[in-house]
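Single-structure report; data block below.
Think of it as A, B, C and D in the order they're written, each chain with its own count starting at 1.
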Amino acid sequence: MSRIGVFTCHCGENIGATVDCVKVAEMCKDIPGVVHSVEYKYMCSDPGQRQMQEAIKEHQLDGVVVAACSPRMHEPTFRRAAGDAGINPYMCEMANLREHCSWVHEKGDATTQKAADLIRVLVEKVKHNEPLHPIKVPVTRTAMVIGGGVGGIQVALDIANGGHKVVLVEKSPSIGGHMSQLSETFPTLDCSQCILTPRMVEAAQHPNITLMTYSEVEKVDGFIGNFKVTVRKKARKLDEKLCTGCGLCIQKCPNKKISDEFNEGLGTRTAIYVPFPQAVPNKPVIDLQNCTYYKTGKCKVCEKMCPTNAIRFDQEDELVTLDIGAIVLATGFKLMKTDAFPEYGYGKHKDIIDGMQFERLASASGPTSGVMKRPSDGKEPETVVFIACSGSRDRAKGVPYCSKICCMYTAKHAMLYKHKVHSGKAYVFYMDIRAAGKDYDEFVRRAIEEDEVKYIRGRVSKIYEEDGKLIVMGADTLMGGEPVVIKADMVVLATAVQSNDRSEELAQTLHVSYDSYGFFAEAHPKLRPVETNTAGIFLAGACQAPRDIPETVAQASGAAAKVVGLFSNDELTREPIVAVVNRQAAPVYSTCVGCFLCQGACPYQAIEQEEIKARSGEVIMTLARINPGLCQGCGTCVATCRTKAIDLQGFSNEQIYAELMTL
Amino acid sequence: MRIGYYPGCSLLGSSREFDESTRAVLKALDVELVEVADWNCCGASSAHILNHELSIALPARILALAEQAGLTEILAPCAACSNRLLSAQQELEKHPEMLAGIEKAIEMPYKGTVKIVNILEVLDRLKDLIAAKTVEPFAKKVASYYGCLLVRPPRVVNFDRPEDPQSMDRMLRAVGATPVEWPFKTECCGAAFSVTRTDIVAKLSGKLVQDAVKRGADAIVVACPMCHSNLDLRRAEINEYLQQEYAIPAMFITQVVGLALGLDPKALGLHRHMVPVEFAETAGVQS
Amino acid sequence: MEAVNQRAKELLEKGEIKAVLGYAKGTGHVRRPHFARKAGQVDQLVLDAACLQNLAVYVTKHEVKKLGKVAVIALPATQRAILQLMAERQLRDGELVILAVDGEAVKELDSAAALEEHLALKAQGLDAKDKALLAELDAMSREQRWVYWQNELSRCMKCYACRNSCPMCYCGTCTMDCNRPQWVPVASHGIGNLEYHAVRTMHLAGRCVECGECGRACPVGIPVHLLTFAAEESIHEQFGQRAGAKAKLDYALSTFKTDDKESFIR
Amino acid sequence: MDEKFEPKITAFVCNWCTYAGADLTGTSRIKYQSNVRVLRVPCTGRIDYMMVLKALHKGADGVIVSGCHPNDCHYTSGNYHARRRWMVFKKMMEVMGVDMRRITFSWVSAAEGARWAQLVNEVTDQVRALGPYAEFRQIIGAGIE
């Protein structure tokens, strides 16, 4: 027979005003199994908790129902208190008399009756509660950061400085990301590379950081603290240990006319290349698509030239499996391309460029060495039109969201252009100017007032080419929708920020959720912005939503703090609300029949196969087993299982059945 | 192939040549046109401004008649007609609660089973046959002009790329023509102002004519009676506005295909145009 | 028939199989399942229009598995059941020789993939008679359906013939036999019968191969198969999935689409 | 038995959305009728159809099943699985002639406190208008253990 105590709380007037708590406590004494029932003004207060603890000892209670507020509020409080009094914390349940009863019903007998009913249900549940023990899982104190842009670098440095090992995985040949492509940054106009490259070098030289560039995550198994990550190290066709980065191979490579990704197609590179002079690591890779040797079987000039004989044409991709405790996703974004705009000529006009291309044109290290030359004929553009919200906030383009960074970088672009071409005319078409941020609005005002950039509030409906000019047809909505036609030499589209290529695939590999635009989803939009719904996987930067540099770096440090916090424990403790497949003595072993229909229902891939073997080693049957490290306790498998072989601890069939039977 | 046919008012009046050429070309391609009996006005440019229910009831009656005739598909060559038919069909799909009232108004049941197609879709289906039967390739430079109603609103018509459509260009290439690159494929021609404000038409359509010629086109090809009226019937006003004599002809796509198939120009109604369908050696400008 | 028996004999003689599961003459017109263990017994096997039973119910039995490799004369419904059992990991490739009989044609198959390919060529779904019965049910008012089933189920004595004849009811411990907690009352009274048949239907929804064996097995003539048929057909209609069609498990109730269409959730 | 009929309503709700939403109803002090008894489970995915049947078995005149809106599931997809299960369960119940006006499925998020109150009131009113679930009570009468 159970010995259950019921503790009814008045919550001051909150419950007491509508529910007759004294009567409820009296009524509860009649429930079979209840040996102690009292009410008190504030159960959650120190004396309240103490009263419960003393009663547990005095009456040798083996279960407790606290009838007070929502369990979502104080369940941890009372479970801890019950645990301290010597019973298993999971033998304590809460009846929600406040949010679900006293606050929502009028004072009266019906309300008091309901309160008693709610308690009765929980008393029956507690009778079937089992002592549960938190699940402990070990932690591998090595973090993996996926993405080597400014966000990923920051995460890696912060974790490494916290004393933990970090593996930084970057898919391109160098770390640095989009920030290394930028000319100058808003709102300070400091040179992007000047502030980024020292960080890149620091990351490369940090004893706790292992760089894996030109590498991609292929497979992720396991769970928080215990991931097994398989990384594909793509073949650089080069022995990195021997290569000194002298660059002779690059100088001598005969294939020089390849469109350069780093310069957004505005420049050229060779088939063996480093993406940019400050690349980290400063070791070249051979581009298999364009290398003459791989296309024709002849050439190997680089191999002949290399003073250290570092070229390896026979090098293959390598798969490396690593034990990882936590993963931070910092895979960044991509920009919509100009060919997504039929109204602006589908990208066929060379002088209609996107924001990143403008960055390269304006950059001192860019294809024009920072001199303003338009791509088609290299002439200095006299009139430049900048179009903000190109694709953003446009349902027809599938991007209803604001790309956030464009208002600021468009102001910066217009400014940079004016600084380089003093006589030039710069126009900005915009919908709204969203310049919320420290010194941001001042920056935009400076563009308008000091640099005389003409801001026109309106959209551009069409751009076409006529006699070597780009005819920009827009409207000025502040002038009553007056049509505006500008004959421009160059047009810069502030194209929408989109989730990076293959981000959905990566999300599926890591089992994290993503939104309909391919951005990774945070666990809670306000309170858990750097966590994902998958424990042990965190987010930083524009892979979650459009972000600028300061925000990315701040979020990166936040994610790093989460990882360092996680690594401060030897073991992780998890709520034992997990599903379990029953096991019985031979020859039954389990009521599980091994149909594995439950496997598809599990959102966490937590259902594994376990082979039951005879002494001879022969497999007698294959049963389902739930990995308690992966299981989050939703119970979908429990409802799916025909034989009820799976049960959910804390919400078991017996508990729920007992609750139902009291109704 | 057997397909329902809804000519609408324009094809009986101002654009008889569109009707004639459509019938001639489809006959040459062994397509049987079954005209919807007792058809009525589609509502065109006015009904939807005056009365929403009327603007749906009118096309719904045409579609219901087609259903009764056992048709599964109906060709409406006029872009305004096909646009109205599609709009009404979708409106009834989205708002089934309107159906009872509409059925009462048209005094017959409406199921919404008839698929509405425009002339470019039909020709596109027959592209291989057309290419095979082409005897006199239309070896001219052409400006393919789609206008607004064929491609807009995209959610309703769901046809081609709304900003830079390609279907007519493909068809023209199939009969030997060379479409010029031009940015005005879907610019406004002035549409229904054809009657009331010819000055606006002159300005808007003038831009089209001027640019087509500038880009070297020998003909402007259209698939909408209103476009054609503005570019052909209003050429005098256009030329007056532009202070230049533009002689570039405006032709229906069916006429171009008909010529390529070797059909008699008269059967295609070419003699009905205000701007003669004649081609100068080089460009369409006669000063 | 000759061809099947010939092949069965060969397999037995060569020792490739331990038994052939087919049909033999029973009392009157009835055909009963029959295991031919020796080549000489194969001639007792018959195959005609009276052979109805879904033989797949036997192949998951412990006693049959113990025999070793067995050949099954598999009519279409048996084929579907075997494929579904393979998808549910109750049978492995190569564990059976499936002598798939479709009218005059006979094909020898031994893997889920082969079975899937074989079944893909055939139209699936209910025959006209069952469709008509479902339509009849559908045409009733809600109240009439309630009365109809209460009336039918009132004869149910929970003999579990419907369960035991079903190839998909292979669970070692049926949930009906679980008592901690006892979700479904043991007794065959109103609520007990309703709940039993509701559970049986839900357990077969998305897994029923529509052989109708349960209905044939009922000693008191309750058309219990109509319940599972209705559930299975509605799954096919709503989700496009069908049991007994895929080698890889494609269970409608452990898969979902984010845009599954319903109109009743408020 | 002249006493006015007050329906018995049992609700199965998920912890993260509807239970939290009902908490919000309380925090916002929005009043609703007190007929409902709420059973908390982690996720709609945990809600076995047997629970609904047992609620009716125990004499509920109406049942509410509610959880997170599609896309909002705390466990990413438990509600999608639940939705499918409900779609099939509803169909089967209809075939068996069970009065589905007595079983309400809904999505109520953690932010929809007012919606929870409205839902409970609507269901309570509707079931009260329908009266006691006599058909079901009849078969229960035959076999209460």
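The working rule: contacts are C-beta pairs under 8 Å (C-beta built on N, C-alpha and C of every residue); 3 or more make two chains touch, one makes a residue touch a chain.
Owing to the predicted nature of the structure, the values given are computational and were not obtained by experimental measurement.
Student: Counting only C-alpha atoms to place each centre, which chain is farthest from chain D?
Tutor: Centre of mass proxy via C-alpha means gives B as farthest from chain D.
Student: Averaging only over C-alpha atoms, locate the centres of chain C and chain D and give their separation in whole Å.
Tutor: Between these chains, centre-to-centre, one finds 34 Å.
Student: When the centre of a chain is set as the mean of its C-alpha atoms, what distance in Å lies between chain A and chain D?
Tutor: Measuring from centre to centre gives 35 Å for this pair.
Student: At what distance in angstrom does the C-alpha mean of chain D lie from that of chain B?
Tutor: About 56 Å separates the centre of chain B from that of chain D.
Student: Between chain A and chain B, what is the gap in Å from one C-alpha centre to the other?
Tutor: That gives a centre separation of 51 Å.
Student: Touching at least two other chains at once: which residues of chain B meet that condition?
Tutor: Residues of chain B never touch two or more of the other chains.
Student: Which chain D residues reach two or more other chains?
Tutor: Residues 49, 54, 77, 81, 85 of chain D touch two or more partner chains.
Student: Mark out which residues of chain A touch at least two other chains, giving numbers and ranges.
Tutor: As it turns out, chain A has residues touching two or more other chains at 601, 640, 653, 657.
Student: Can you name every pair of chains that touch?
Tutor: Result of the pairwise touch check is A-B, A-C, A-D, C-D.
Student: Write out the stretch or stretches of chain A touching chain D in their complex.
Tutor: On the chain A side, the touching residues are 70-73, 96, 98-101, 103-106, 110-111, 114, 117-118, 121, 513, 533, 577, 601, 603-604, 632-636, 638-640, 648, 651, 653, 656-657, 659-661, 663.
Student: Which of the residues in chain A end up touching chain B in this complex?
Tutor: Chain A reaches chain B through residues 342-343, 345-346, 396, 462, 464-465.
Student: List the residues on chain B that touch chain A in their complex, please.
Tutor: The contact residues of chain B facing chain A are 154, 161-164, 183-184.
Student: Give the list of chain D residues in touch with chain A in this complex.
Tutor: 8, 10, 15, 19-20, 22-27, 29-34, 37-43, 45-49, 51, 54-55, 58-60, 73-78, 81-82, 85, 117
Student: Touching chain A in the complex: which residues of chain C?
Tutor: 88-90, 170-175, 178, 180-181, 183, 203, 249, 251, 253-255
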